[in-house]
Amino acid sequence: MAGNTFGNLFKLSTFGESHGAAIGGVLDGCPPGIELDLEEIQNELNRRKPGQSAIVTQRKEPDTVEFLSGIFEGKTTGTPIGFAIHNTNQKSGDYTHIKDSYRPSHADYVYDQKYGFRDYRGGGRSSARETASRVVAGAIAKQFLSGLKINAYVSQVGGLKMDKTYHELDFSLIESNPVRCPDPDMAAKMEDHIKDIRKEGDTIGGVISCVIQNVPIGLGEPVFDKLHAELGKAMLSINAVKGFEYGSGFKGVTMKGSAHNDAYNTDGTTKTNFSGGIQGGISNGMDIYFNVAFKPVATVIQPYETIDKEGNRVTTKGKGRHDPCVVPRAVPIVEAMAALVMADYFLLARAINS
Amino acid sequence: MAGNTFGNLFKLSTFGESHGAAIGGVLDGCPPGIELDLEEIQNELNRRKPGQSAIVTQRKEPDTVEFLSGIFEGKTTGTPIGFAIHNTNQKSGDYTHIKDSYRPSHADYVYDQKYGFRDYRGGGRSSARETASRVVAGAIAKQFLSGLKINAYVSQVGGLKMDKTYHELDFSLIESNPVRCPDPDMAAKMEDHIKDIRKEGDTIGGVISCVIQNVPIGLGEPVFDKLHAELGKAMLSINAVKGFEYGSGFKGVTMKGSAHNDAYNTDGTTKTNFSGGIQGGISNGMDIYFNVAFKPVATVIQPYETIDKEGNRVTTKGKGRHDPCVVPRAVPIVEAMAALVMADYFLLARAINS
Amino acid sequence: MAGNTFGNLFKLSTFGESHGAAIGGVLDGCPPGIELDLEEIQNELNRRKPGQSAIVTQRKEPDTVEFLSGIFEGKTTGTPIGFAIHNTNQKSGDYTHIKDSYRPSHADYVYDQKYGFRDYRGGGRSSARETASRVVAGAIAKQFLSGLKINAYVSQVGGLKMDKTYHELDFSLIESNPVRCPDPDMAAKMEDHIKDIRKEGDTIGGVISCVIQNVPIGLGEPVFDKLHAELGKAMLSINAVKGFEYGSGFKGVTMKGSAHNDAYNTDGTTKTNFSGGIQGGISNGMDIYFNVAFKPVATVIQPYETIDKEGNRVTTKGKGRHDPCVVPRAVPIVEAMAALVMADYFLLARAINS
Amino acid sequence: MAGNTFGNLFKLSTFGESHGAAIGGVLDGCPPGIELDLEEIQNELNRRKPGQSAIVTQRKEPDTVEFLSGIFEGKTTGTPIGFAIHNTNQKSGDYTHIKDSYRPSHADYVYDQKYGFRDYRGGGRSSARETASRVVAGAIAKQFLSGLKINAYVSQVGGLKMDKTYHELDFSLIESNPVRCPDPDMAAKMEDHIKDIRKEGDTIGGVISCVIQNVPIGLGEPVFDKLHAELGKAMLSINAVKGFEYGSGFKGVTMKGSAHNDAYNTDGTTKTNFSGGIQGGISNGMDIYFNVAFKPVATVIQPYETIDKEGNRVTTKGKGRHDPCVVPRAVPIVEAMAALVMADYFLLARAINS
C-alpha cells in the first residue's frame, strides 16, 4: 500500500536501497511447475547492469541474483520466490556532497519533506537500481508466458527519431548494438549523439517502443483495469518516464473515426491496428504496441546552483558515474514490466473467464 | 479484481450497463463529517450528460443521481456512499442491428470472445455511460479536497491545437463555450470543426489538458505507485484514451538534462516546472499538469463493412445519436478521475506519513 | 479498505444503513454464463427476513432484492452485479430515545468516538440489516458453486446443546422448524426456551454449525490465506459472533497427536476427519465443518442504566421489535459467507493452479 | 493473492521454505522515523527458536535475522524493510522417508494435489519455520505501537487448564518458565505433562490466551473488517490453530443479554468487559482479550500406517526432533500477529478518521 507491490495475482513486492546491504523482492502467485532457466534470468539482469558498454554508466555492479526460495529441482513450486541482489559497489563517501543539499529534479527534497529524513546515500529507494528487482521478476514472467513475444527497443534519442514502424524492423538486431535500436544506421547516429552529450557532461532523453505479440484474446478488464491502463501504470512507474501512448497514441487524435476504425477480416483479425491490440480494455489478439517517453537523466556533470536544507543557495556539481541517456539500459525494464502485467492479467482471465 | 474498483483507501466500485435498470456505485473510505453540496454533484453530472449542447450526442438522459446511503444530515458518515443513476432512455430496439455483428474498434468482438456472450444493447459495460458513476464519486472527492484546484479543458480537437500554456489561460472561461476550451477564438474554431465532422457522419479525436494546483508536498509513493503512474492509469481507464503525458512529456525527450532540471528557489519551489509537480513519484507542491489523448469515437454514421458472429461479411451503418467528438463531455471525467487519485493518495500519505 | 468489501476475486462491496433509502451491494468477479434462479435468491433472503416466525423479531420488512445490472437473459454477464434492497419500514421516530445516549454493548459509543457523529436511526451501518446484502451475494455464490453442499443449522441455544454430530442429522429437516435445528426434539426445546426468554424481555446466545461437502481438493493458500482462516474471518465479521472453531476445534486441544491424526485410506480420503477437511490451510476433499458462537443480542426490553453523550447517567429501556435469539435468522448468513469464501478461493485456485 | 501477504497498509510479504537458502520477508508501510531496537527484535526471535528449553524441539537453528533495507542510522526510513533468516540446519537427508509417502494430518498430500509436486524437504512452505518471519515483522510492529501492551501466555496444555482470569495473573512471570504460563504452579504441572507426552513419542494440544491493553478507541472497521475478525484470521493463519474466541467467546453463548451487556461508567469505560474490548467491530478502549486453540502437533515418533503416492499402504515412523507441544514456542507468534493487526488498523484509522 505504500506502493512497493505490483500486480494482483502475479504479484511482486520489492525492497532495497542503492546503498544498503541488498535489493530484492518476493514474487508471489507464480504458478507451480514452470521450468526456470536461471541463466536466462541473469542474462536479462546483465542487459540492465551498469558498465556493459561505452555509452552507459561505468559503475561496476555485478548484479548477481540469488534465489532464496520457491524453486525446487529447477521448477517453480507455486510458493513465493524470494530473491536478493547484494550491493557490492557501495561507496557512501561518494555521496556526502548531496547529504545536505537537494539535487534539482531528484527526489531528495520530496523525500525529506515526506519522510522527515532520508537515506542520502545515492537516491535511496528512488534509485533506478530498484528496477533490477523488476527485471528478475519480469524474466520469470517471460518464461511463464513462453508463448508471448515481448520486444522493446530504442526508437528515439533526443531529436533522433527512427521513422520506421515495427513491421519494418528485425528484432534480432536489437542486441546488436549498445543503443538497442534495431535500425543499425540510426543506432550508430544515436550512439554518436550519446557520446557527444556525455562529453558535455550533459544528458538526453529518449523513447522506448515495445511490441507484444502472440497475445491471447480476452486479457484485460473492461473498466478501471483496462489492459492498456495497467501497462501505462507499469511504464509510468519506471524512473524518468514522462509519457505513455499505445496504438495510434497522440497521433490518433488527428484522425477521423472512419479512418481510425480497424476493419475486420473474416477470421476476427483486423486489417489495420490503430487499436494497438486492445479494444475496450481487452486484448483482441492483434499485436500490442506502445511508446514510453524518458526524460533526460537529472544528474549532470556540470556546476549548478541549488539549495541546502536550510534554504541557503549553494553551488555544486554532479559527481560519480551516471548514464548520459537512460534508454539503452531501460529496454529490459520496459520488457520486464510488460511481462509482469501480461502474466497478472493472464491469471486473472484464467480465474474468471475459464 | 475484475476491475470495477478504483482506489485503495478512497475506493470506488461501480456497476451498470447502459441498458440495464441503473448504473451506480459504492464509494467506500470517504472520511466522515464532510459537508456535501449535493446540487454541486448533480452539476458535475450535468457537465457530462448527453444533450447539453449542439456538438454532443442528442440523446436525452436526465442522469439524476440518487444517494442511497452514507450521508446523514447533509454530511458524510464515514460509511459507504451508495448511489444509483437510473437508466430512463433505454431503447433496446435501437441496437438490434449490432446484436449479431461486430462494430469495428468497439468491444463487441472481444466481449463475445472473453465472456462467451454479451449484453448487446448498446455497449453494455464498455459504454461510456459507465463514467457517470465516476463523475459522481469524483465530485465527492473534489469536495473532500476543497483546498485543491482541479481544472481540465480541451486543448486540441483533431488538428486544431491550442498553442498556449496553461499560465496564459483563464480557467473561468472553460465553461463559457460548449467545447470547454478556455481560449474563445480557438473554441469557436473547434466548435465549427466538430460540426463539420458531424455533418460528414464522422468523428474526430482530441486532447484534454488538466492542471492540479495547491497540492500538498508528499503525495505519491516512490516505486510502483508513483503519483503520476496512478494518474496515468486513471486517465487511460477512461474510454477512448490512447495516451498520457505529464510535465515535459513526450517533448521532454528532446531536452538536455541541464535544461530540463528544475532549479530551486530558496523556499523549495522551483523556477521551472518540467517535472510537472512530481519528482520521484511524489508531489513537490508545484502545479501538476498533464495531457490525455482521446481517439475519434468509433461509431460513425456511414456505411461500413464488418463481420457477423459466423465470420460472414456484412455491410451496415451506425445508427443512433453519438458524439462526433468525445472531449467536450470528457472534461468532467478527467477531473473526476484526477480527484479520485488525489483523494486516495492524500489518505494514504495521512496514514503512513503523519 | 474501510472494510466494506469482502473477497479478492469473487468480491462483494456492500452499502446501506438500516434507515437510509436502501441497502445493497456490488458483486464483482462472478464468472459469466451462470444461469441464475432469481426466485431462489429471494428465498434465501426470506430465510433471513424479520417476521418469518414467532421466535424472531416481528418487524415487517419485505426485503425484496432488485437487481440493477450484470444479468442478461437470465445469466450472469461477467460484469458487476449491482443490487438494492429498499428500506420500507423506516420509522425514525422509534429511535429518538437512543439519539443522545449509548446502548450498552452496541456500537453507538464507538461510532461517535470514531466518526465524530453517527446516523442514530437504528444502528446505522452496524445494524444486522446489512447482512441481507451478504445473503444475496452468497445465494449467487451458491448457484455458481452448484456442486458444493453448504448446510448450516442451529446446534445450541443458551445451555441447550445438541449432542449429535452432523453425520447423525438429516439436513432436510433444518427448515422444518423455526429454530433451524435439524433435530426435531431439540428444536422444540430450543423454541420453548427462546419463547421464555422473550417473555422475560431478555435475549440468549447460540451456536450455528456449518458443513460444506463435495469440496474439491486444493482450495486455500498455505500461509496467511489458509482456507479456514478466511472462513473464520468471514464468520467473525457477522454481527454478534464471538468465536469460531473448525474440525476438532477447542476440544482438539486435549487430544494426543496419535489420536488426532487422520489416517489415510488408499484413495486419499481419511478414516477420521479431525482436520475438518482442511490440512495446511488447503482443502483435502473431506467435509469441512465448523462452529460459530453468537452472543445474546444486546437489545433487551428491560430498564437499564447507561450514559448520555455528556457522560450523565440515564435510565432507559429497549424499545422496538428485536430478536430474542439471533441464531435462527443467522443460519442463511453463515451459509452465505461460507459460499462467498468458497467461490473466491475456487477462482483463486483456478487462476494459479490450473 | 496467493496468500503470502498480510495486512493492508502495514503489510508483510513472506517467503521461504524450511530447507531452502533462507526465509524472510518484506515489510512495507512501516512509518518513517521509528527508532528500532534491533536486539529486541532478535530477542523475540529467540523466544520462538528451537532448542531454547527441554520441552521444545532440540533442533539447532540460530535464527539470526539480517536486515537488508529500510533502516538507516537506526531508524525506519519509510521504505520497505527487507530481511532474511538464513537456514543453517538443512539436513535434506533427514526427510527422504517422507518424499514418497504422505504424513497423516500434514500438508504433504494436499500440496501434491494442488501444486502437482512439492519440495518434500521438511514441509516446505507449510513448515512452522515460516512463522519466524512473522515474529520479526511483529517485533517491529510492537516497537511502532510502543504505547500498547501485548501479552500472550499459555493457559491450557491438554487437559490442564488454568482457571484464572488474566486479571489474577502477573504477566512478568510469563518468561519465568519454559511453558510460558504465568501461573508457576500450573506451569510446573504443564511442563511435567509435556515431558511425559514426549517420552511417549506423542504430542498434545494447548491454548494460548492474549491480552492487548492501552488500545486507542476507534480501531476496526464496521462490516467485513471488524477488528476481531482480522485478529481471528491472523490467529487462524498460524500453523496448528483450530479455534479462536474473544471476549465472552463460546461461553457467552449461554448467557442472557441482560447479564452479558457491559454497563457504562460515566467516563465511557465499562463495568464488565464481556465485549472483549471490541463493540461493533471497533475497539472501545477496554482490554482486548482472546483465546487461540492449537491442535497436537502431527509429527509423532511412533510407527504409523499411511499411503504412498501410488496409494499403496506403507508403515513408517516420525523421525527428527519435533515439538511435543507447540504452544510454548507459539506465544511470540500470537503476539506478533496481534501486533501486525493492531499496527495495520491503527494506520487505517489514521487515514480515514483523523
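All chains are identified by letter, namely A, B, C and D, in their written order; residue positions are counted from 1 within each chain.
The criterion applied here is as follows: a residue touches a chain if its C-beta (ideal position, glycine included) is under 8 Å from a C-beta of that chain, and two chains touch if they have at least 3 such contacts.
Owing to the predicted nature of the structure, the values given are computational and were not obtained by experimental measurement.
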{"item": "Pair exhibiting more inter-chain C-beta contacts, C-D or B-C", "value": "C-D"}
{"item": "Most widely separated chain from chain C, with each centre as the mean of CA atoms", "value": "A"}
{"item": "Euclidean distance of C-alpha centroids - chain B vs chain D, Å", "value": "46"}
{"item": "Where chain C and chain D are represented by their mean Cα positions, the distance between them in whole Å", "value": "26"}
{"item": "Inter-chain centre distance, chain B versus chain C - centres from mean C-alpha coordinates, in Å", "value": "39"}
{"item": "Residue numbers of chain D (touch at least two other chains)", "value": "1-5, 8-9, 14, 29, 32, 78-79, 114-115, 125, 222, 348, 352-353"}
{"item": "Chain D to chain B touching residues, read off their complex", "value": "9, 29, 31-32, 78-79, 222, 347-348, 350-354"}
{"item": "Complex interface listing, chain A residues touching chain D", "value": "1-5, 8-9, 11, 13-17, 20-26, 28-29, 32-33, 66-70, 72, 75, 77-82, 84, 114-119, 124-125"}
{"item": "Chain D to chain C touching residues, read off their complex", "value": "1-6, 8, 14, 102, 104-107, 109-111, 113-115, 125-126, 130, 156, 158-159, 197, 200, 202-207, 217-218, 221-226, 228-230, 232-234, 236-237, 239, 242-250, 252-258, 260-268, 270, 274-276, 279-284, 291, 293-300, 302, 304-307, 311-313, 348-349, 352-353"}
